[in-house]
């Protein structure tokens, strides 16, 4: 049970290592009849491509996706969609040294403890390249959600200590275009520049930084999510924590809610025309694990990249204490490239729960089959 | 797929509403041969029992558990363990009024949107009483973990803005006895008194408070957890967020890691006698989703109880805007009673992943079957 | 993973041993809004009740079901439905002897090999009483299917070598009323009498008999079932083989198809008014794992009851060869009482796959959420 | 939930259509440390390769497998093993005609009913080529089982009405070498020649044949399989029925058991040296869903190939009654090529349940983690 499958109905199974022949995903349970081609996937993958700024690894990969199954005459057939991206820029020689020791903050030690040995080249299965499969699947989920009028937008909220002002502002006050076009993924030009300066400083100190990614889902109908273990936010938490380097997850006010009072934290229901609205959205769009029709807001907290070029103490496989200095190509921050990963995992999760919800009521089932 | 089952091998299925005839759980996949009786379960349930302090609901329930199956001659047989707690202190009349409107911060509205109607008595399925099943299952998981030398300890870290000093201190500097014996669940007498004063103030204002629960797992071997979607911390995140009122989850430094640098956040491996240790534990015991042999540290952030006695704006089922004032028996804070729930969900998750890990290596499988 | 849960969306979890305090089931994922009360369940349970004829165990159990959760104001709420039947007629003393040896044809030996020990009273978990949970769940599934116009009818096709004439005849030529009202469950009075004579002979010889149960599903729409591993017939095969004593499963012509030719086995499509029909139904209603709109026909082959009163050779727990003679209350045949079990497992499976099918097409999903 | 994943711990996900770019499988949960290379897989795939006899389709495919992930330095790493076989010999033009009508006995009609349209080329996802993924996975499962001393052998028992004599004889009286080297897969040269003559006759009549495949598992320890829904034989039934064209499944005496008496059907336990044995094996190696340590025997009943070259009545997509004559390359029988598919699905199922069984007992878990 190596756990490479996610989802109950819209099910994704990723495979591949950093330096194997390729990386891929099988998307099973995608409904039939969705117009889909490789451009739909590629545009998502391009958002996580390395080499797009000075803050990302200089490894040059084109990361071109190929769809191997599940599409006929331009539409999904309802059968598994297999997608693959070849690994083309491996320089395994760079990694031969790390075969023998355990890098701090990486999964080298834990893989060896679990499996007895590991594919040490570029992090093997725990490489960030594993997320290619997630993003390819997320592209499909996002396209299907868009057919239902649901949109998902993620962006960088903070890099190290540099945070955008007023992060709780509504999505229509967030400049997503700006976020998609600057090297930090921040929806705010001024803050982005400050973050760039901070990252430059980190690099000069041979150090790295973490950050926060926010993600918002607009137009999700009320009623999505199951009331006990399969709460919408519980599944999102798992989806987000399953991304390497994420150390915390919050929904709505999240952490801040813990120090608030009920009187300020409760969102009040009101009527706006014929719609039910809430005057505030501290809950982040979920009540009792079920969507309430308002915007879904979540945040992922990323630790700093563990690969830094400073000298570090560690041990080798023989149990000897040593001092190492990591070489190779490593991002000083992964947050900007992870924005599309957070968006993709959110899309996959939301779609899966939206499909699960279709069986909740006898009257709707009868209507479906009549 | 109402989602009342949790776990892959050690699988728990909870059932029951606040004002139905009872609340229960079926634990399937519990290994055979564990000495178990009702006292083992009852001691856990007593920790979440209402009426034990002035900060908890005055509803008096004895919450006595009965084991209906799966035990023979004092030991688990490997077959499902069905446990039930009768509901004895329902006063449904208290709730007749809320049938017609949607309480802010509760799941009333979302249940109606999902299912078309709801059992409105005492929150129905979204009542805190649903956690009885989780705690009963957690008692079993904890006992089995203890047989393997693994202990789990949760306690209150903060109530509203009142936090224990130096919350990162190692577990042996945490006074768990104190935490188990004061009304806040805090491992620190002074802070507990401050928190009690704060809660008294909240109650006087007809308001409520949230808080933070920390949970630590000691002696977990390295290698537990799967590398991709079934990461140990991802499953813990889901387990914790599936508890009502939890709005955020962190592992290790969690939120703080997002603003740290790699040089300070990386934990260094060293040798201590014949053991591998880390000089720090910012990671909270997990690297790449797999346990690293050091203490596992997680935190759950709870929102304030939504049931407050102040007037609140909301709407009724007819879509009319109204002002309500909630009556009945409601805790001004649920955090102290939720400590054992966090501990239980952690135990269930850790045990499940420990069992899953047994199939990771061919050499160990061969040894098992030889 | 003791495997007491069945289904993906409509999920049932059974628990209980023959001589524990009770037997039960939790039905999770039942859609909200189904009118349901204990009479609906009881009428199914009464069909498997012991003591109803001279061919069934004389153990007298009233097997009264109690619904503990998931119903509010006479309708399912969408949350888990917990049902329990108390065990009232245990005479454990009858079984003390079998604690020490392994009955031929029973699961005594395999349980000990798997779990190290077993609850030997009345077969423990492998008792036929485990099916009470299945039947209670099947009653709910059947009621929901009926709301969709789908009916399921099982009956005894053969007892030992005595088979009804022309077993392939269409369901409207099958006298289900007769089957429900005679001691064999056969839809044919003459054959039933012959079977009764055969059983009487078996009993005189201290022997037992097996038989065949047929089950037919009428009005199932085309398109139900998934094309690869989750074929409708594959899931039915698992459902049926999971019933104790079933040794074979067939769909449609099944076994006979293996010796037929394509020219005679292929069913031809024709048009009848505005409907698509098949001129024959060798396939039994499934093509490529997906229902084709015609009648679903399956058969379950039951071995003879292993508890016979003749002397038998076996071994005891100390590995000594012994000769035993079983006492107690045992049916000379279980087939008549198993008819409703086959019907129930079919209902649960068909309903689950019907719900799964709702997410197969984008156009229907869009329509559902519009 | 298109259902392309099978297994709980050793999990396989197949993908691909007959005339897409390729066919593949992702094997997730394969334990680490198994020596594995492409030859291990290829030798299994070669057993189902088309064009190897005059009774199989003349489509010439080399069906060369490529392993894309999960292997490092010649051993499995515990991460997903992705394997692909390119489709090279598609002649889609052959199939353009069948786009418009529904072939009798095929899944054309049911796919259209389910998904609204279908990839009609060569059967699309319901093509026999889908089994390539199963066989590739089965090769891995078989190799791992062999490490544990467990062997699986399938062979043809019958083709149409021609059956090998004494099909119940023990495996050491079955000539598996012969079965692997003649065009029928039968372990008996004389019967094989009769079957060849029968098939020749079928072909001359433009007709097709079905048959029976038997499969035996030797050296499986007692205790494998779970007692209720996840019975070993229930899972095998699902695995086997999930193979296209299988219409029935039996374990041990299966069908014959239904007409037997308990006195003849019960297997008696005896002691042979230090081993527990049974004097007969009517049960086929399973009691109460759990392996009993004797040989596991199952049989799969295949219907005749539906693609025959005779004229057949059917309807087209416009609902018009037509007469068709199928062209193209079609096996008059698929049984000989399906032998390795039955063997593979058995291997995958048995291995999965063997891994699941590792968590059954507290004492063994303690021993594992000590």
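Brief remarks follow.
For clarity, chains are labelled A, B, C and D in written order, and residue numbers in each chain start from 1.
Quick note on the criterion: a residue touches a chain if its C-beta (ideal position, glycine included) is under 8 Å from a C-beta of that chain, and two chains touch if they have at least 3 such contacts.
What you see is a predicted model, and the numbers here were worked out from it, not measured in a lab.
Across the two candidate interfaces, B-C and A-B, the one carrying more C-beta contacts is A-B.
Of all chains, the one whose Cα centroid sits at the greatest distance from that of chain A is C. Distance between chain A and chain B, defined via averaged C-alpha coordinates, is recorded as 26 Å.
Taking the mean of the C-alpha atoms as each chain's centre, chain B and chain C sit 38 Å apart.
Among the residues of chain D, those touching two or more other chains are numbered 1-5, 8-9, 14, 29, 32-33, 78-79, 114-116, 125, 221, 227, 356, 359-361, 363. Those residues of chain D lying in contact with chain C across their complex are 1-6, 8, 14, 102, 104-107, 109-111, 113-116, 125-126, 130, 158, 160-161, 202, 205-212, 221-231, 233-242, 244, 247-255, 257-263, 265-271, 276, 279, 282-284, 286-293, 301-308, 310, 312-315, 319-321, 356-357, 359-361, 363. If you check the complex, the residues on chain B that touch chain D are 8-10, 29, 31-34, 76, 78-79, 144, 147-148, 221, 227-228, 354-356, 358-366, 368-369. Only residues 1-5, 8-9, 11, 13-17, 20-24, 26, 28-30, 32-33, 66, 68-70, 72-73, 75, 77-82, 84, 114-119, 124-125 of chain C touch chain B when the two sit together in their complex.
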